Structures are given as C-alpha cells and as structure tokens.
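Here it is: the structure, laid out below.
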Amino acid sequence: MPWFTDILNAVVLMCNFMIVPALSYGSQLALGALAVTLVYSVLRFANFAQGDTMAFATVVTILSTWVLQNSGISFGFMPTAILAMPIAVIACLAYVLLIDKFVYEYYRNQNSKPITIVMASVGVMFITGGIVRFVLGPSHQIFSDGARFIITTREFKEMTGLSEGLAIKTSQFLTVTIAIMLVGFVFYFLQKTKTGKAMRAYSDNENLALLSGIDPAKVVRVTWILVAVLTTIAGVLYGLDKGFMAISYHQLLLPTFAAVIVGGIGSPIGAIVGGFVISFSELTMTYAYKKFLIYLLPEALEPSGLVQFLSTEYKFAISFVILVIVLLLRPTGIFKGKVI
Amino acid sequence: MIKVSNISKHFGGIKAVDKVDLHIQKGLITGLVGPNGAGKSTLFNLIAGLYPPTYGEIYLEGEEITELNSHELFHKGLLRTFQIAHEFPTLTVFENLMMVPGSQLGENIINSWLKRGQIRKQERKLQEKAEEVLEFLNIIHLKNELAGRLSGGQKKLLELARTMMVDAKVVLLDEVGAGVNRTLLRHIGDAIIKLNKEQGYTFCMIEHDMDFISRLCNPVVVLTNGSVLTTGTPEEIINDEEVIDAYLGKGIKEEETA
Amino acid sequence: MKKCLKIIVVLLFAMSFSVAGFAAGTVKIGILQGFTGPIESLTPPMALAAELAINEASDSGAFLGGTKIVSVRGDSTCIDASAATAAAERLINSEKVIAIVGASCSGSTTAVVNNASVPNGITTISSSATSSALTMIKDNGFFFRTAPSDARQGQVLANIVIDRGIKQVAITYTNNDYGKGLSNAFTGVYTKLGGKILMTASHEDGKADYAADVASLSASGANDLVVFGYLDQGGKGIIQASLDTGAFDRFILADGMIGPGLTDDLGKGINGSFGTMPGGESEAAQKWAKVGKASGIPLDGPFRDGSYDAAALIILAAQAGNSADRASIQKHIMDVANAPGEKIFAGELKKGLQILAKGGKIDYVGAKDIEFNEVGEIFGSYQEVEVKSAKFETIKVH
Amino acid sequence: MNQYKARLFISFSMMILLLLLVGFFQSWALCLTIVNLCLISAIMALGVNIQWGYAGLFNVGIMGFAALGGMSVVLISKNSVPEALQAGGLKMFIALFILAATVAAAVYLHKKFQRKSLVILTILIGYFITRYFYSDASQSIESVNPALTGYLGGLGLPVLFSWIAGGFLAAAAAWLIGKITLGLRTDYLAIATLGISEIILAVIKNEDWMVRGVKNVTSIPRPVPYEIDLQQTAWFQDMIAKFYSKSLDILPVADQAAALKDYISEASILMVKLSYTGLFTSVLLLLIILATLALNSPWGRMIRAIRDNETAASAMGKDITKRHLQIFVIGSAIVGVAGAMLVTYDGQFTPGSYIPLRFTFLIWVMVIVGGSGNNLGSVIGGFVIWFLWIMAEPVGFWLADLSTSFLNSENFFRQHLLEHAQYIRLIFMGLVLLLVMRFSPDGILPETNKKL
C-alpha cells in the first residue's frame, strides 16, 4: 500500500516540522503569556519587564546548575536544571517582590493610571536587562545536560521504516508536560481554592472585593508567587530548548504580548490559546508545503514551486498581523478578556 | 421633540432598559423618576448616544438618531449633563465653558497659526458669553479656578453652565441637583424655568427631589425595573398607589443633601 | 528623594569631567567595538585580543623609548550609528587616542569613518567590518581592515562547495549587510559554476524560535544548508533546530559560524560540516594559537586574530615613524604591513619594535597573514575547515 | 508659577553648563556631537509628547515612524539608478498602482455593498495580479549590480527636502495606522503600535528594491560642506589664519604651517557640526513655536479637554476619534522629521539599527523624565537622557574601576566588573527613569496647565 505509506510519511513530516516544534514553542509562550495576563488582571498593567525577568530567573538557574554540576549532582537523563529550578523560583520571587515593594506598590497605593505603571515596568525592564548582562554577560549559554533526545529521526526511521523521521527532544517533552501540569495547577488554584477565588474576585471588581474582606496585599503577593513560578519555569524550559541569550529573552516579549492580546488580555485560557495560535500560525504560514504535497498528490499534480504562503523573512511579522486583525475584528481577543 | 420607540438595552443577561417608549415634547420639562437601578441613566445614555441600544429607535424631530455618536448629537442640538459630574479637571472654569461651542475658528490647528487675530476676537466673544453664564449661575468668582478643585455641587453647576453656552434644542439633565445646597437648587430651578420660558429650551431631567420635580416638571415619567410604570402630572404621580409602592413604599426615599 | 536627585546631578557633572588621567609617557589606543547590541557576545574577546597586543608592546619597553600604551574602550553598539560616532568622538577628542581599533559592524564602521575618522584624520583599523561596500568608502587612506571583504569569501566558499561535488544547496543568511552580502557573493559564483540554489531565506538574529525557518528550508529538498550567520545567534539556532528535526546534517559555514562555541554545544551532530574562515599560512596561525592560548583568550571565534593584528599594526606604525602622531601612524601602516622587511609574527612585537627603532624594515605577518592592497584591505587567505569528531580542523588554505 | 520658572531656568542652565564643561574638559567636537544628537532626540520626544502629553495616546511604535523618516532621506536625496529603472521600474510602478487600486476598490466595495465575500474576492484577485508584476520587477531591480545599487534609487533632490518628505511619509503611515487602531483602548493601542512598527521595519529590511534593505545605503549627500573640502577652501583657511594669527605668531616660523593645519582641521570639524546645530535648532524652534501656539489656542483647549474626559468632550460635540487621529498623525510626522534628520546627520541609512530599546523606549524615557505635556520638558528630557545615554558608558567603567580599586587587578570580581561595565548603562537608565517617576512624577518640567 504505497499510498498509505505516503500518507503516513506526510503526517510524520508535518508532525516533525510543524506540530512538535509548534507545541513546545507554544507552551513556552503560553506560560509567559499566563504570567503577563495574571499581572494584567490583578495588578492592572502590561508588564514590559516580563521577558527580562524570565532571563533573570534563567540566569539564577544556570548559575545553580553549574554549582550542582560541579559538585557532581545530576538528574539522570533529565537536565540538572530541573533540580536547580526551585532555587531559581525562590530567587525570582524574591526579586519580583522586591521590585513590587520598591516600585509598583507605590503606584498601586497612589491609584496611578495603568500607563504610569507600564512606564515603571519599562524602567524595571532596563534594570533587569542590565543585571542579567552584568552577571552572565550577553553570550549564548547552553545549560542542558542529560539525554538530549527521547527519539531521534534516525531511530524513528529505523523503527518504522518510513522515509520521514520524527524527533522528540527531552526538552520538548518536558516543556509540554510541565506546561500542561502547571496550567492545570493554575486553573485548579484559581477555580477551587479560596485564595484563587479571592484573586478572581479582586480582578473582577477591586472595590467589591475589598468590601467583602479580601486582603489586597495577600492577593498581590499570591499573584507574584504565581508569576514567579510561571516565569521561572517558562524561562528555564525555553532555555533548555533553545539555549540562553539575554537578547532573545528580551525579544520574547513581543510574541508573548501578541499571544496575550490574541487570546484576550486578562483571560488565562486566552493566554494559553494565544500562545499556540501564535506558534502555529508562524509555522503554518511560512511552511513550504512542497514536500508534503509531493507525498499526497499524484505525480502529475506535484508542485514545482515551494508552495509557501509567505516567505520566512516575514515570519515574525505574522504574529503581529494576526494581532492587528484580531484587534480589529474582536478587540477583546478570542476569549473575552478581563475577568480571570 | 424626542421620540424613543420600543428601546431595550441588555448588559449581558441584565435588561437595564426594556422596551421603553418615551416622548419628550417640545417646550416642556419632562421629569424622569424612579428608584435606583430603574434604568434612568441608562436610558439617558442611550438617547445621548453613549452606547447603542440592543433594540429600538430614537428620533429627534422626526429624524432617526439611534446610531449617532454623542458629538454628532451635540451638533443637532441635543446636550446633556452627567450624574457624576464630568468636568475637565485641568481646565479652568472659564476654559470649561469656552470649549463648548462647536466649529470655533481656532479649533482648526492651521488657523491657530495663521488666523490669530480673528481667533482672539472670537475668544473675546466667548469669554463674554461665559461670564454671562457664570454670573447667571452665581459662580463668577470661580472663573479662574481649575475645575478639578471645585466642590461636588459646584461641578454640577459647571455642567449646567456648559449646556448654556450654546443654543440647545433639548437638554438632558442627569440629577443636576444632587449635592447642591437648597438655595442653589432653587436658583438652578429658576434658571431652568427661565431657559425654558424665555429661550424655548426643552428639558428632560432625572431627579430624586420630589419638591424640585413638582415645581419644574410636567409631565413626569416613572421608570421601574427598566420599563415605564406610568406617566402623568406631578400631582398624579405623587398620589399614584403603584408609584408609591414601587418607589417610595420600599423606603428608598433619597436623602437630599441640604 | 532629594538625595537621589542630587546623586543623579552629581553623576551628570562627573560625566562631563570624566577624563582619565593622562600620565606623561603614555599613549592611548581606542578600542571601539559593539559591546552592547546584536553582536555583543562576539566583541569582548576581540577587545581582549587587541589589548593583548597593546600590553605585549607596552610591557616590552621597546616602544618609542619606553612609552607605555594603554587601551580605552568605547561602545559602538554595532547598530546605532549616532552612538558609534559619539563614542568615536569621545575616544578621539577627549581621550586623545592615537588610533582606533574598530568598529565592529560594517554599518557603524561606515559612520565612524565618515563622521569621525576622516574629519579628525585618525587611523581606524577594523577587524570585523567585512561589508564589500567598505572597499569603496572615501576614507582618504585612514581606514584599513584586517578582515577581508565578504565578496572574496563568498567566492572562495563557492569554489570549495563545487569542488566537493555539491551541486544543490539551500542558503540561510542573517538579515544584515554581512549575511546578505555574503549570500549575494556566494550565489553569484556558485550558480556560475553550475550549482543550483534551491532556496534562499534570511533569518533574524535573537529571535525566539527558528523552527519555521528550518521547516521551509528543509522542504526545499536540499541536502546541504549554507549558513551565513553568527555562531551564537540565529545561525546556531538554525543549526540546532535542523539537527533536532533531522532536516539537515551537513552544514556549509562562513567565518561568523566557525568556532568551538558551535562544536562544543552541538558536538558530533555536525561532523562533516565544513566552511571557510579567514586565516593565513599555517605558520602565522600556529604562532597566534600559541600566543592566544597562553593569554587565556578564547580562540574559537572569528576576528580575534584580526583584532590583535589591528592593534599591533598601529603600534608598529607609530614606531616606524618614531612618533605617536596621528598623521605619522597613517603614513606608516602600509610600510610595516607589507614587504619588504623582516617577517614579524604574533608574539614577536618586541622584535619588530626593536628592528624599527634601529631604522630597519619589517613585514608584519601577525596572526592573520597581513598584506594590505592599495585600498588598505587584506586580500585574505582562507582556511578550509571541516568538523571532524566535534572539532574544527583546517584542511587547507585557499 | 514662579517655582516653575525657577525650575525652567535651573534645568536649562544646568544642562548648558554640563555641555560647556564637556566642551572645556573633553572637547568641543564631542560637545557638539552630543548637542546635535540631543537636538534630534528632543524633536523626537516632542512628537511623542504631543501624542502622549496632549492627548494621552500611548504610541510604542516610534521606531517605525523614525525608520520611515530615515527611508525618505534615501528616496529623496540619492540619485536614481537608471539601469534599475529600466530593468523593472515600469513593472514595479504597475504593481504599486494595482495594489493601490485594489485597496481603493476594496474600500469602495465595502462601503457600497457591505459584502465581505466581494471584498475578499477583490483583494485576492488584486493580490495575485500585483504579485505577478511585483515579483518579476523586484527580482530584476535587485539583480542590477547588487553590491552597489540593486534598488531604484531616489529622486536626487537636495537632502533638506527629505526632512519635509520624511514628515509626510510618517504622517501618511500614521493616518493609515490610526484609522485602524485608534478605536482601541490605551494598552491595546500600545501593543498594536509596537507590532505595527515591527511590521514596517520588516518591510524596509526585506524589500531591497526600495532602499536596499539590510545592505544599507551609505554616503548620503550632506546639507553642509564636507570637512575635507572646507579644509581646502581658501576663504576658510584665511579666516582661521586670521582668527589664530596671534597664537600663531608666537610660534617659530617652521612650526606655523603645521599648527595652522591643525587649527584648520579642528575648525572645519567644528564648523560642520555647528552648521548642523544651526539647522537642527531652527527646526526645533519652529516646531516648538508651532506647538506652543497650537496648544494655547482653542485647539489646544479642546485637546486638553478630550484628554481630561473623553465622554464629556464627546457630549460637548467634539469628535474624539478624529482629533485623536489628527494628533497621532502630527506627532508621528514630527518623529518622522527627526528620523530623517538623524539619517542625514549619520550620513547613512541602516535599517538594522532600528531597535525598540533605542528608538522607542529611550524616547519614552525622555518624555517621562522631561515632563509629559510640556514642550520644553521634552526638550530638556531629550537633552538629559541622551547625555546620560552617551556618558553613562565611560562612567560605568569609572564606577566599576573606582569601586573595586582596592582589589587586586587579577581579582575575579574586579575583572568581571570591568569587563561587564558597559551594561551599567542599562541599569543606570532604568534607575533614572524609576527615580524620576517616583520622586518627581511630573518630570523635570511639569505641565504648566496642570496646577491640581
């Protein structure tokens, strides 16, 4: 059944080049976007320092990983960085709480306009970016160890006898599973726990929440804890997958924001869906479908060109085009924003 | 003058205004009363074009204005004040009034560079008009104060003053008397009557002070739960059992700040 | 609050005074590199290499009768022409440097040459500005570079690829003048020699993800991927993503991609990949490797040897004219760089200085086999390198 | 008010003093370089201030407008490339014409019939026809001597025209963008403009036939003479000789020629920079005068009213969307002018140099630190922040050196600090922004109308 093999090959091709990378990139974006959206709905500002805070958390992870590696501790086939993550979460939490104490709290108490706080977060972005480069320098760092692949293309081909291979990296597997677990936890927390409900109430209507005896300081603190956890994990997973570099973390801000807005700012579900919309659209729009169609179509119809909607040069513009279209057609995003 | 026909506004599942018909007749002062949350302000906002209705149409002198924005309605002669005063806090009282008249020469940025002489002349006229209005409302001493620094009552007066800067056909007054002391309230009442009699303004006002209503308004429309309960003269309304049940009977008699 | 503002004001004032001490018997050489910005990770070792030459000459005691040389760093930011010009102005006019090593990227280098070097009459030697447009710059003889023009490398690499019998490739280049110029040069020669390019796509550095780029490159059907990029930027991201998805397993690389940073991280995955990297006779390269290793500078990146040479040339030219005067340095660069004279390699600056002090002639070979043509560019020989068991090995010199 | 005047006086005289100190202690050429870039920054900040300070529009797409301004310099001042025009000029114009026609037809059909399917069909047909002409044209244009040209070139007009053209180009783009996005809420607007500026840049970088893309355009003609030419001009030499005649006379005759040459070369540099300073200052003054006149007219009153309370302003008959669009266009046009000036001053257009940190966030820091809503505030903000941005780097080294001077030079910590000192600049900028926002939230020069 050659046609059947062809279809299988086409599916594997798609999985390998599109679905697996998009899933892991999408999960990384989704975690960051979730953090941005939490800050937005509880603290009511768009946090421009998100990318650099992720870099900060990752720097702590990298340093701790080095210490662990030097003292001979490893985590089997898993990256050692996973062990170092709790330390980074604590450091990141301390950092964001410190920033909140010295920067954001003042504006919150002043009831400043959201834009003022956004500008303050730009200041934090500058400082955090500076600290990150100051500590670890600007260069590319790879800190993943353990087994790189769960399955490589070669192994896959040998296993299945197909001409197309499928590779799954440990980091990709980790990214997707941890992201699912984390997102599940956050949703459970928001929906079921008392503190989570308090956060939602606070996000919904600050004044009413205050009247009903919710402690705003606690809500803010819990939000920052969640943000620190999400930020650290997103940063570390991204770094494990693609390596750490200060500037790419900074640039991650734009697709993250796009994800948040596309999904609906302030909506956690939206943040996650937005992350995947951005990652999948980048891949589907710029993928050259030539090979894929060659597998599927009869020889006579085989395309001669690359069959690409848009050249990869405009890849990162795509997320913004989607962003603008969504803003125009449905200004509140796919999932109506605001309430968590 | 204004005809509201079968209008509804739903916010999510809540029917803030439900199938209301309302006729604001030319030359009269129509009062709009009802308990809190009856949908009075929403109705005003619908007429004033702040948001579109879910269903229904609105006509101004026979012309449909349902979809028009508030700034377009202004130019058709429909003005309004707000329940919570909407002053321009960083402008002085004078500036608050002088900004009102439409199509000023100096509102074109190019004219502001090229036709400074003419603009100055126009400004002088506007200033005279503003002074007149402020004198009329007895707040001329505040003319150079920033609007943001005024007291609540003064802000309310400022809102009324703004509507007096142009020749309006209809003015919607949303609780113009709230937070204003008795003497001033009387004065405002006089002013409204004077505007109505002498300049032929048509008013529609939301008010809680029944004395004030009975002095000024005829007819009075009672709104409960988003729909019209009844319409009549002030006396009829005050003596209407249904109204008393719906409104006063529940003990929500508003306290007027004296 | 007042205190904080006061501190800011005091700092502001401190800035306007900030002139480092100017001890007698000391001259300064400016090192103007893109310390922040997109190639911020490449520049620190380049500066260190230049400083290595400076320290070597200064410590030898043979420079201008024992004059000491110190380096002053300036940030050209790579991309911000105005900031680069301002930094150059500061080096030239406040720090009074005698010449400049830099700038890093072709864009900022052009700005610096046009707006600062030529008007001020100061020699500027770049070790990394490779744009072919710089060949034509009106520099009045003040601009040199120890990095050959991209046009040449593209040519050499295309020949190598054809020689290896590879007739079909896909190209990805970093979206700047370096990548684009190299890609154009390569494409021209390669297609003329009968090769076929199945796809050319640019990539942006420092972006979050390169899966999409690799997906479409792989769909072009090519087996070999030419990567014109930077080894710790998008170029590496592309290679990594290609390996992860099994899209390509042989890569054809240019200088920006070659270094242990790549082999250390990607390991045996890229065995069999090959490329070109500017570098001269093996003698020059070997000596430089020894000098570099002793100093602890990571040797695995591009442009480090050239930076050493740039600083060395400035020092030797000053010695040849027996004056740290700016004009005199410019006049003597060609003399010390080209034959005739005794060959001087990296680590032999003392010897060179001594010969010049006695009035002799030298031909500086340095780390990179320096020989300037009439516009002050090295013609450049290239090493063909190949990855064998996770290490770059030189195959031969072109 | 008096306190404000005192602030005004102190801040400007301090800034002037600082620049003079740089001139005296470092060099006048550096001082003028800083001043010129400060002037450009001030103009850019002024444009943003008009949008933010006057109307509360949060535009984070400054970079895009600055790049459009810069692009116009190439389009106006470079000579056209006849070969390229011949190769693909006609086809490219047809492509552009069809593109414009498609857009116009789509808009018309949308208004007339309200049928989405019809509009989409038009766009699709237009897209394919455009693409047919376009891909052919761009390929043939780009293959004309790619190392040197590979683009259509410009109009070959004097470069000063491009400042006006830059303004218009940015204004046109802003009109289009504003039409699309100005209905959005503040934070959405911010992120939309951030995205759109990236799209603008992606187009400039990748459409080589327009302005050479990332291959950069260098040697842009200057509006002022070249230093080298000046040095060889007789009147200039005479003037300098006369000016320095006294100090020259003291020197021995043998050294006089060399000394004069030094003086001439130094003076030529200063002369060129001063001419730029003159040009930039006149543009800045003109813009400030226009802005101030407008702000103090009924127009300005209306704009401030809109910013204070949009609902009430709308109820008072002011068309909010139209006014926002107007301000968005004006502010962006000013940014475009500044962008064109910057490229003229640099003498080159390098699309790669446009990054948000430098062209968007830094300008925002200028506006906030200077004092939003105050025109002179953005001027002082532009000066102070650019000064800091340039000077923070040496100070970073100096601080790192000083704070660890007690340590051995081989000490790891000291070495690390010195090697990473350039990043202190970022921390420093962030700190300045946060401190000013916290302790002087209205900036150095607060808005004069806001006396609350």
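Note that the chains are named A, B, C and D in the order they appear, and that numbering of residues resets to 1 at the start of each chain.
Basically, contacts are C-beta pairs under 8 Å (C-beta built on N, C-alpha and C of every residue); 3 or more make two chains touch, one makes a residue touch a chain.
It should be emphasised that the depicted structure is a prediction, and the values quoted were computed from it without experimental measurement.
With steps allowed only between chains in touch, the distance from chain C over to chain D comes to 1.
The mean-CA centres of chain B and chain C are about 73 angstrom from one another, to the nearest whole unit. Averaging Cα coordinates per chain places chain A and chain C 36 Å apart.
Chain centres here are Cα means. That of chain B falls 46 Å from that of chain D.
For the pair chain A and chain D, the distance between mean C-alpha positions equals 33 Å.
Multi-chain contact residues, meaning those touching two or more other chains, occur in chain C at positions 36, 38, 44, 175, 202.
Multi-chain contact residues, meaning those touching two or more other chains, do not occur anywhere in chain B. Annotation for chain A: residues touching 2 or more other chains are 133, 137-138, 250, 313, 316. Going by the touch rule set out above, the chain pairs that meet are A-C, A-D, B-D, C-D.
If you check the complex, the residues on chain D that touch chain A are 56, 58, 180-181, 183-188, 190-192, 194-196, 198-199, 202, 205-206, 357, 361, 364-365, 368, 419-420, 423-431, 433-434, 437-438, 441. In the complex of the two chains, the chain A residues touching chain D come out as 45-46, 103, 106, 114-116, 118-120, 122-131, 133-135, 137-138, 250, 254, 257-258, 261, 265, 313-314, 316-317, 319-321, 323-324, 327-328, 331.
The part of chain D that touches chain B in the complex is made up of residues 290, 293-294, 297-302, 304-305, 308-309, 311-320, 326, 330, 447, 449-452. Those residues of chain B that touch chain D in the complex are listed here as 48, 50, 69-71, 74-75, 79-80, 82, 86-91, 95-96, 98-100, 102, 104-109, 111-113, 116, 119, 122-123, 146, 148-149, 162.
Chain contact summary for the complex, chain C toward chain A: residues 36, 38, 40-41, 44, 175, 199, 201-209, 211-221, 232-233, 236-237, 240-241, 244-247, 261, 265.
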